[in-house]
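Provided herewith is a single structure, encoded as structure tokens, for subsequent inquiry.
We call the chains A, B, C and D, going by the order they appear; numbering starts again at 1 in every chain.
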Amino acid sequence: MDNASFKPAPEWQVSQWFNSDCPLTLGDLRGRIIVLHAFQMLCPGCVQAGIPQAQRIARTFDPAQVAVIGLHTVFEHHDAMAPNTLAAFIHEYRLTFPIGVDRASSSGPIPQTMAAYALQGTPSLILIDHRGRLRKQTLGAEDDMRVGADIALLLGEMR
Amino acid sequence: MDNASFKPAPEWQVSQWFNSDCPLTLGDLRGRIIVLHAFQMLCPGCVQAGIPQAQRIARTFDPAQVAVIGLHTVFEHHDAMAPNTLAAFIHEYRLTFPIGVDRASSSGPIPQTMAAYALQGTPSLILIDHRGRLRKQTLGAEDDMRVGADIALLLGEMR
Amino acid sequence: MDNASFKPAPEWQVSQWFNSDCPLTLGDLRGRIIVLHAFQMLCPGCVQAGIPQAQRIARTFDPAQVAVIGLHTVFEHHDAMAPNTLAAFIHEYRLTFPIGVDRASSSGPIPQTMAAYALQGTPSLILIDHRGRLRKQTLGAEDDMRVGADIALLLGEMR
Amino acid sequence: MDNASFKPAPEWQVSQWFNSDCPLTLGDLRGRIIVLHAFQMLCPGCVQAGIPQAQRIARTFDPAQVAVIGLHTVFEHHDAMAPNTLAAFIHEYRLTFPIGVDRASSSGPIPQTMAAYALQGTPSLILIDHRGRLRKQTLGAEDDMRVGADIALLLGEMR
């Protein structure tokens, strides 16, 4: 594998943060593996599989090495998933990792970060290496063993 | 068991119906067992256990004998669970049984039907017999075998 | 439903009992619903689904009304599933309901009770009503709600 | 981490192999990560959690890099878990990775490999790196994400 061919991950565009005192950027997290979990709070596959997996990732790995970041990428039912509703969802589901609201587009239903990554839907899991490069992007739920291995392979590159 | 001692189930108070062309009353369903499933769309126990069980009840029993009715009993995060958000939830989770929005109280956070039944939280499962009497009321998830048996015992009384 | 058309359940033929001080017959259990769970200890579907469901039945219903009986119907790998191996299996899986070893046939691999009921494989679940009549016979795992309802419908006939 | 401190994994002592045309040794597998799964066929935790996880490991990783080996470490109910019974178990559970029968001890119930590794029970999972060194040994089921990560961290050392 020619590592030189990996592209820098696009910066996320976030209009509001939860579970973080200040806005976060890719640069702030440089040096760590970033697990970006894109979800919608009314997406059954996110609630049943994606979000619990993101919580398991946050519990399994050392946060000094692996940063789990949620991204609320609303592309349908926009009125139904406004930030005040998301706040109640985060509270009820006891989510503790930082979650950003993907910034709405002025020209269509797809929010800006979702468009920049060309995500096809939710849940999507994105892995960014410690040098800020996009390494993996998956639509739908992958099994825990594969995800754990993929994160650890990136950790191995940090040594 | 002295059946004469069972009390009539209180009428529900509903401000809006989904999955039903017209408002439903207890009287409309007289002659059938009624399974009333009280939930909140942002309650994790409802989404993970209560609502899937209500769907299994609706699939397992003949709707001419057992009517499954959802009741959205919002007692917290009222702004986050408005009817437009519930509509998107019902669409995304593919719920097909009738669902009523429990009518808000003018004097506190507990909606009217929830108060009339003295429900302690969500999810709650309520069984009403074919003569309109309240027969069982449970907070939290019971296992499927017990629930299936309880419904069938009421069916046995109809013969 | 014309109850008169139900046939008496065939008597089981058992060469050895576990979890019972004495041999059991259908007649001994008359007046109760009998849940007969036919299994093989090396059948994955029995271990993963059938046997745990039999244990849930035994926990859910009053043993004075519903008797759960296991039947070890070995029709393949006979040498591998001898009674001493079954004894260890029952110990390890903490099974407490009575279990009979279906009596081997002198003429082929199918044991005698399995043949009398014309069972097609394992796991199989058989329901016998309080009057000793065969009411239901299912190959493979049914869901708990359906099984709980079927047992309760037979209980309703006892009143 | 001072890799020099890891000790060589003890050689296994096997009296019979299944799913392998010839006996296997640690040396035969040098250059690959070895996942050694110690189990007993009548151990519920092995059947429900350990063995399915070993199968997922075998499916998730490239067999040219990760070798999954089963070890039948019978330390109780010896008569009930003889090799002919194990053969039927392997057939029924569709296990395809090589499985060795841990050689019985002449002096007690604990078989020889189990004693050499000082295993405390079943299921146990043992990870051996590509240089034949013992890297991890766990009693009971660990979650898939942790196991996947641990294997991948060893893979990262091979580069």
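Operating definition for what follows: contacts are C-beta pairs under 8 Å (C-beta built on N, C-alpha and C of every residue); 3 or more make two chains touch, one makes a residue touch a chain.
The chain list, named the UniProt way, goes like this: A, B, C, D = Alkyl hydroperoxide reductase.
Worth saying up front: this structure is predicted, and the values here are computed from it rather than measured.
Contact with both chain B and chain C is made by no chain of the assembly. The minimum number of touch steps linking chain A to chain C comes to 2. Mean C-alpha positions place chain A and chain D at a centre distance of 36 Å.
Chain B and chain D have CA centres that are 50 Å apart.
Residue positions of chain B with contacts to 2 or more other chains are absent.
If touching chains are joined by edges, the resulting network of the protein chains shown is one closed cycle, each chain touching exactly two neighbours. The touching residues of chain D, counted against chain A in their complex, run 56-57, 60-61, 143-153, 155-157, 159. Across the complex, chain B meets chain A through its residues 42-44, 47-48, 77, 79-81, 84-85, 87-89, 91-93.
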